[in-house]
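Before any comments, here is the structure.
By letter and in written order, the chains are A, B, C and D; residue numbering begins at 1 in each of them.
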Amino acid sequence: MRIAVIGGGSSYTPELVKGLLDISEDVRIDEVIFYDIDEEKQKIVVDFVKRLVKDKFKVLISDTFESAVVDAKYVIFQFRPGGLKGRENDEGIPLKYGLIGQETTGVGGFSAALRAFPIIEEYVDTVRKTSNATIINFTNPSGHITEFVRNYLEYEKFIGLCNVPINFIREIAEIFSAELEDVFLKYYGLNHLSFIEKVFVKGEDVTEKVFENLKLRLSNIPDEDFPAWFYDSVRIIVNPYLRYYLMEKKMFKKISSHELRAREVMKIEKELFEKYKTATEIPEELTKRGGSMYSTAAAHLIRDLETDEGKIHIVNTRNNGSIENLPDDYVLEIPCYVRSGRVHTLSQGKGDHFALSFIHAVKMYERLTIEAYLKRSKKLALKALLSHPLGPDVEDAKDLLEEILKANSEHVKLE
Amino acid sequence: MRIAVIGGGSSYTPELVKGLLDISEDVRIDEVIFYDIDEEKQKIVVDFVKRLVKDKFKVLISDTFESAVVDAKYVIFQFRPGGLKGRENDEGIPLKYGLIGQETTGVGGFSAALRAFPIIEEYVDTVRKTSNATIINFTNPSGHITEFVRNYLEYEKFIGLCNVPINFIREIAEIFSAELEDVFLKYYGLNHLSFIEKVFVKGEDVTEKVFENLKLRLSNIPDEDFPAWFYDSVRIIVNPYLRYYLMEKKMFKKISSHELRAREVMKIEKELFEKYKTATEIPEELTKRGGSMYSTAAAHLIRDLETDEGKIHIVNTRNNGSIENLPDDYVLEIPCYVRSGRVHTLSQGKGDHFALSFIHAVKMYERLTIEAYLKRSKKLALKALLSHPLGPDVEDAKDLLEEILKANSEHVKLE
Amino acid sequence: MRIAVIGGGSSYTPELVKGLLDISEDVRIDEVIFYDIDEEKQKIVVDFVKRLVKDKFKVLISDTFESAVVDAKYVIFQFRPGGLKGRENDEGIPLKYGLIGQETTGVGGFSAALRAFPIIEEYVDTVRKTSNATIINFTNPSGHITEFVRNYLEYEKFIGLCNVPINFIREIAEIFSAELEDVFLKYYGLNHLSFIEKVFVKGEDVTEKVFENLKLRLSNIPDEDFPAWFYDSVRIIVNPYLRYYLMEKKMFKKISSHELRAREVMKIEKELFEKYKTATEIPEELTKRGGSMYSTAAAHLIRDLETDEGKIHIVNTRNNGSIENLPDDYVLEIPCYVRSGRVHTLSQGKGDHFALSFIHAVKMYERLTIEAYLKRSKKLALKALLSHPLGPDVEDAKDLLEEILKANSEHVKLE
Amino acid sequence: MRIAVIGGGSSYTPELVKGLLDISEDVRIDEVIFYDIDEEKQKIVVDFVKRLVKDKFKVLISDTFESAVVDAKYVIFQFRPGGLKGRENDEGIPLKYGLIGQETTGVGGFSAALRAFPIIEEYVDTVRKTSNATIINFTNPSGHITEFVRNYLEYEKFIGLCNVPINFIREIAEIFSAELEDVFLKYYGLNHLSFIEKVFVKGEDVTEKVFENLKLRLSNIPDEDFPAWFYDSVRIIVNPYLRYYLMEKKMFKKISSHELRAREVMKIEKELFEKYKTATEIPEELTKRGGSMYSTAAAHLIRDLETDEGKIHIVNTRNNGSIENLPDDYVLEIPCYVRSGRVHTLSQGKGDHFALSFIHAVKMYERLTIEAYLKRSKKLALKALLSHPLGPDVEDAKDLLEEILKANSEHVKLE
C-alpha cells in the first residue's frame, strides 16, 4: 500500500511519519510518497524522515501531485495554501476592522477557505480521475473544505480530520486513568465549532464529573477562560474555539495585543527546520508548534480503515442521521464507526438548541462562501461575510472584502 | 359573533375598531367586548369607540378576562405586558452593556418575552377551557409568543400578526398603482426577521424593479440605511429590523444617542388620550404612534376566516412545508391560504442560506428562552442570552440577566 | 396565446375545445393548434371543431410535434400511446394470468406506462428546447407520467390532470346544491389511488353527511360496490379505482366475464367519428365515452394559470410539504393554489395510515418501473412487477413480462 | 446481576440458559429467575435447567411477573400469548378464507399481535414502574411488538430480537469459513420482512459471490424456492418470509395441504418435555423445534450491552437515520452499534424501492393494528386487515375478523 502526503514540507511531517511507523505493524505500508510545492523545505524534512523510517517502508518524493496520488490508496492533505504568509493576512487584516483575526474562525477562516478551494478542487479532481483514493484532510479550514468536497464536488471518499477531538479524548482518558478507546462521547458540531453533551469512560457516564473538573480548573484561572457558571448554565462542553463567539470582545483584545500567531509560528518553524537538517529523533521544539496528536488521529484512522475491527473515530463527514434534528447533508464533526474502508455515522439523538444556534448559522455561512467561490462572485462573498456571526457590519464589509482579495490575489479572483 | 379585544385600553384600539367597522358589511359582528387591566385608560378609549361605532355593533367592557373570552369567536391580543414602563427597561438596560436596546429584537425582546409568557400561558389556558376561540395576537414579541403557544402550549387556533408584511404590500401596491390583493410575495422568516425573495404584482414578477426602486431610494439617503450595494449582493429584501443585526454598531450609536422610544411613545400617548376624551374621529396624531395598517391586517384576517373566498395572509404559524429546508415545526411568518376558519401554508420552495443563517440562530434562541421560562431557570436564561446574535458576551451575561430580572421582578421570577 | 393539443384526433377533442371556448371570454386565446400521428382521424375532428369554434380563435393543424409546440404557451397531452389496440393488450394480457386487466391500474398500467415513456421523453425534451411551455397532461397513466417527468426528466412546468377529482367535486356540489368552487377537500394520494379525508362545502365540514350519503347509496346497490360498513371502518372516501385493490377477486370476475372495455370503446369511437363528420354540436354519444368534465378541468386550470385570482385545483404535482408524513418529492394528486402561472401546494396535515399503505407501495412500484425503462432493463421490469400489490407472483412474472414486451415491441424494447 | 426470563416454561429455555452459561465468563450473572403462567411446564424445564447450570449462577422461579422483574437488569420476553392453541387458530383460520395462515405474517400475525398487546402493555408498565430494566423481546410478532412498545407505550429500553439475522450471518460465515464477527451486512426492513443489500466478510464485499451461491442452490431445488432469475432481477437477498408475499398462491397451496405447523410443534414439544424430565444435556430433538441460534443472539446481546467493546447486533429498534429514506420513527430490524447499555443505529444510506414497497405497506398495517387495539375498535381492526398485502378482500374481511375475535375472546375484546 502506498500513502501519499501532500504538503510534505510541513514541519508536522516527521510526527505524521512516526504515526505511520506505529501502525506499520498492524497494516502493511509499502511506500510513503511526499509532494510539496516548496521543494526545498520538503527536501530537508524528507531527508530527516528517511533517517527515522530506516527500512520500515520506502520513502519517496514526487515531482507532481498526480504522480504522487496515482497509485496511492490514501492521500493525506496537510498543505497550507498560501503558506504562513497567507495566514499572516488571515490573522492581521480582520483586526484592522475590529474583528477577530483567527486562522480558521470568522473572517480569517473565510480568506483561508477562498485560498484553499481552487487547489482542493484541482487536487480532488485529479484523485477522482486517477486512484480514487481515500483522502484524509488536515488542510484548514478542515470542516469547511469537507463541506465543499462532499456536497459540492461530490467526492465521497474524503474525510476531514482535526486534532481537537482526539486531544479532548486524551485529556479525559488521563483524568480517569483510562485508554483512548475507553472514552466515548456524544459529540457533534462543525470543525472548531463542536459540542460535547455526554462523556462515557469504560461505559460509565462521567459527564457530571467532567463538568466538576472543568469548573475546578476554571476557578483557578478565572481570567483566562469561561467563568465557572458558564458550564452550569450551558451544560455542554464547548470546543475551545467557541471563545471567539462567546467572549468576542475579550478575545479581540487578547489577540490584537499580541504578536500574530503566524509570525510566532514562522520563528518556531525556522528553528525546527534547522534542527531537522541533522536530527535523528523528533525535536522537543515540535510540541510548541501545536497540532498535538494529529499524527495519532490520522494513523489510527488509516489503521481502522484497513482492518475489520470496527472502531470509533470522530471525523468530519455528512450527518446522515447522526444528529436527528440537523439535515442529513450537513457535514459535521461526529463519531463514526470505521471498518474496512467504510465510515458509518452513529445515531446520537437530538442536538441541543444552544449548539444548533451556532452550527446552523456557520453552516449557512460555509455554503454561501462556497457558492461565492464557485461563481467567483464578490457579491456573494459579501453576502457570506455578512452572514457570519463574527463577520463585519455592512459599513465595513466592502472594504474588508477588497483588502482580503487584494492580499490573496495570487490565489483566488472574484468579480 | 362576538369579538374580544384584550388590551382594550391601548391607543391603537380606535383604529382596530375602524377596521372592524369596515368588515362589518361582509361579516356579521354582533358585539365587541374589551378587557384591560388598566380600567381607567380603557374607559377613555371605549367611550370614544362607542361614538365611532354608533349602533353598528354592541360595544362592551368586561370585568374579567374570562367573561370577555367565554362567548367570543375571536380573541385579539393587543395588550402590552408591563406597559410602557416595561418597554423602557427593555430598551434602556441593554444599552448599558453596549447592546442594542430594542423592544422586540435581541435583549429587549428577551425581557419582553419573559414578561409576556406567564400572562399568555394563563390567558391561552382560559380560552382553551372556555370558548376555544381563535386568538389573533399582536402582543410583542409576536412571533416568539406564537412559537410558545403553538409548540409548547400546543394551542392550535393561535395566529401571530404584525403590520410589517401588510405595510410592505401596501408600499409595493403604491409603487405599481395596484391593490393590496394584487401583490403576492415569496416571504418567510421570523417576525421582525423576515425576508422577501420574490415580488409579484398582478402576476408579473417585479422583483428586479423593486430592487431598482430600493437602490434608488438608498442612493438618496445614504446615511440612513443599507448602502445600495447591499441589495445587489444579498438579493433579498430584508425586514427593517435586520438593521440591528447587519449594522449593529451604527444602530447602537443611533439609538443610544436618542431618547428612548418608550419615552417618546409615553408623550404621544398622553396627548392621544387627551384627544380621545372628546374625539369623534380618529385624531391624526395616531399616525405618529406607529402601527400603521395593523387594524387592516387583523380585520381582513377575520373577514377571510369568516368567509369561503380563499385569500392570502402573511401570518405567524407553523411552517408545515412552506419552506422546504426549514423544519415543519418552526413557527414562521409566511403567506397562508385562509378560508373558512382554516389556515393552510403554501409551498414556497427552498429558503436562501443568508436568510436561514439568521432564522435558525434566532429560532434556537427563542426555544431556549421558552425552556428557561417553563423551568423558571436562570441558568437556561443565560444560555438563551448567550445564543442570541445580539446577545451579550460571557463577561456581561450574568450582570445583564440579573438587572433584567430585577427590573421585571413583578412579572416573572427565575431561580 | 397559442395552445397546442397533442392527440388532436382524440374523440375527446371537441369537448376540450368547448372548454376552451368557455374560458375564451376570461383569457385571450389566439390559436389552438392540433397534432396527431393519426392524420386521418384528426382531420375529421378538427373539421368538426372548426364548425364549433367559428371565429372565436384560429384552429390549426401542425405537421410535426415541434411546429405545434414551438410557439405555444400551453401544451395539452391527450394522446394515447399505441392507441386502443395498445389498450386492448393492457386489459387482456393480465387476465390470462389471473390478474386485474385495467388500463391504468396494476399490470395494465405498467404496460401503458412503458409505451408512454419513450414518447413523453422525446416530447418533453422538444418542449424544453423550444417554447418551455406549461404542459398539461391527460395521457395515462397520468400520475405515473408526472412522476417520470418531474423527478426523472426534471421538467418543472408539467401538471398531471385527471377528471376524477373534478367529478367528485361536481357530485358533492350537486348533493349540497352548491357551486364547484364552494367545495374544498382534504384530498391526497396518487392518480387513481387517491383518498378524501374531509369535505367542506361553503366552509362547513360536511364529511359526516357525505359518509351517510355514500352508505345510503351503497345499501341500495349492495352487489356493485363496497359494503356500507366499509366507510364506517375506513372513514376515508376512496377513489373508485381502489376497488381493484380491495375487492380484487370480485373485480377480476367482473372484468374477465365482460367484453374488454377497449373493444367497447372502439365501437363507441367508430360511431362518434361517423357523427363528427357532419356534426355542428357535440353528439350525445360522447357521454358514453367516459371522461366526463375532463375539459372543464383543463380549461379552468388554464384560466386560473392565466389570471391572478388564486384558485384551488387538484392536480398531480410534487408533494412539497402538502402531506406532512410523505416525502416532499413524491408526485401526488393534491389541491394546489394556482395563480399567474404558479402552482403552490397547500399544507394538509398528516395522511392516514390506511391511505399511506397503498400510496407508498405503488409509488415505489412507479419508481422501479421508471428505472427499468430508463435502463431498458427486463430485470428491473420484473422487479417492478413483483413490487406491485396487484402484480404477479414470482411463478408467472417472467412469462407475463415476455408477453407484454412482445405485444408492445413496436413501442419499447427492454433487454 | 439478575436476569428475568418471562415464559420460563418454553421448550427453548434450556438453550437460552446454555447461551447465558457461555457468556457467564465475560459478564457476571448472579441469578436467573423464571416466570411462566404455566407453572407445570416451567417446573419441568427449570428442574432440567438447574442440572445444566450447576452452581454457575442461581436459578430461581418467581410466583409473579412483578417479583421476577423487580430486581432484574435484563428481562427476556419469550412467552407465547395464548400458547400453541392460539397459534393453531392463527394458522388455521386464514386458510378458510383462502389466505396465508402463518404465525407471524399476514392475518395470523394480526391475531397473534392482538393477543400479545394487552399482556405486553401490562408487563412493560410493570417493568417501567419497578426495575426500569432493559427488555429483550422474542415474543412474536417481535417487530410489531417493538413498534408498539417504542412508539406507543414509549418505553425506550426495549429491543426486539429474532434469530433470522444471526442465522443468515452464520450461513455466510460457514460459506466463507469465517467467524460470526467477520460478517457485516447492509441489512434493513421489518422483522420477518427484511432485506440484505450488501454482504461483507472480513471487509471484502462478497455480495456477488453470495448471489452466485444462492442461484446455485436454487438451480438444484427449483420447486422449493425462488427461481434463479429472481436474484438476478431483484438484486437483494430477501428474508425467507418474503415467500408469502412473492409466491402467495404457491405457499398457500403448500401450507394448506400440510398439517398445521402448530400441531407439529405440539407433538415435538410433548416429546421434548418428556426428555427434559430426566435430561442432563440438551436433547437433539430441540433442533427440530426451529429457533436455531436464538440463544446466541440473546446472550451475545446481553454480553455486549454489559461490556464496553462496541459490537454490531441486528435488532429491532427505531430507525433514527439508519435508512435515510425511511422515517426516523419506524421500528426496523437493522444493525446497531451496541456498547455499555447503549444501542446506536448506523447510517446505511438509502433503502431500495423494492424493499421499501413492502416495508412501508406493512408498517402502515402495523400502526393501524396497534391503533385498533388501543381503541379496542373492530372498525379500525377491519381497516388494518384491509391494508395488509396478504389481508382479505372486502368481501371476506368482516367474517374473518369475527372468527378471529371469537377464537381469541379470552385474550382481547374489540367493539
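Everything that follows uses one rule, which is that a contact is a pair of C-beta atoms (placed from the backbone, for glycine too) under 8 Å apart; a residue touches a chain by one contact, two chains touch by 3 or more.
Predicted model only: the values in this text are computed from it and were never measured.
Peer 1: Quick one: subunit B and subunit C, Cα centre-to-centre, how many Å?
Peer 2: 45
Peer 1: Using mean C-alpha positions as chain centres, tell me how far subunit B is from subunit D in Å, no decimals.
Peer 2: Taking the average C-alpha coordinate of subunit B and of subunit D, the gap between them is 55 Å.
Peer 1: What parts of subunit C, by residue number, touch at least two of the other chains?
Peer 2: none
Peer 1: In graph terms, nodes being chains and edges touches, is this line, ring, star, complete or other?
Peer 2: Topology of the interface graph: a ring, with each chain touching two neighbours.
Peer 1: Which pairs of chains touch each other?
Peer 2: Here the touching chain pairs work out to A-B, A-D, B-C, C-D.
Peer 1: So in the complex, the part of subunit D that touches subunit C is made up of which residues?
Peer 2: Residue list for subunit D touching subunit C: 226-227, 229-230, 232-235, 246-250, 325, 327, 353-354, 356-358, 360-361, 364-365, 367-368, 371, 378-380, 382-383, 386-387, 389, 393-395, 398.
Peer 1: Can you list the residues on subunit B that touch subunit C in the complex?
Peer 2: 182, 184, 200, 202-204, 307-308, 310-312, 320-322, 324, 328, 337, 339-342, 344-349
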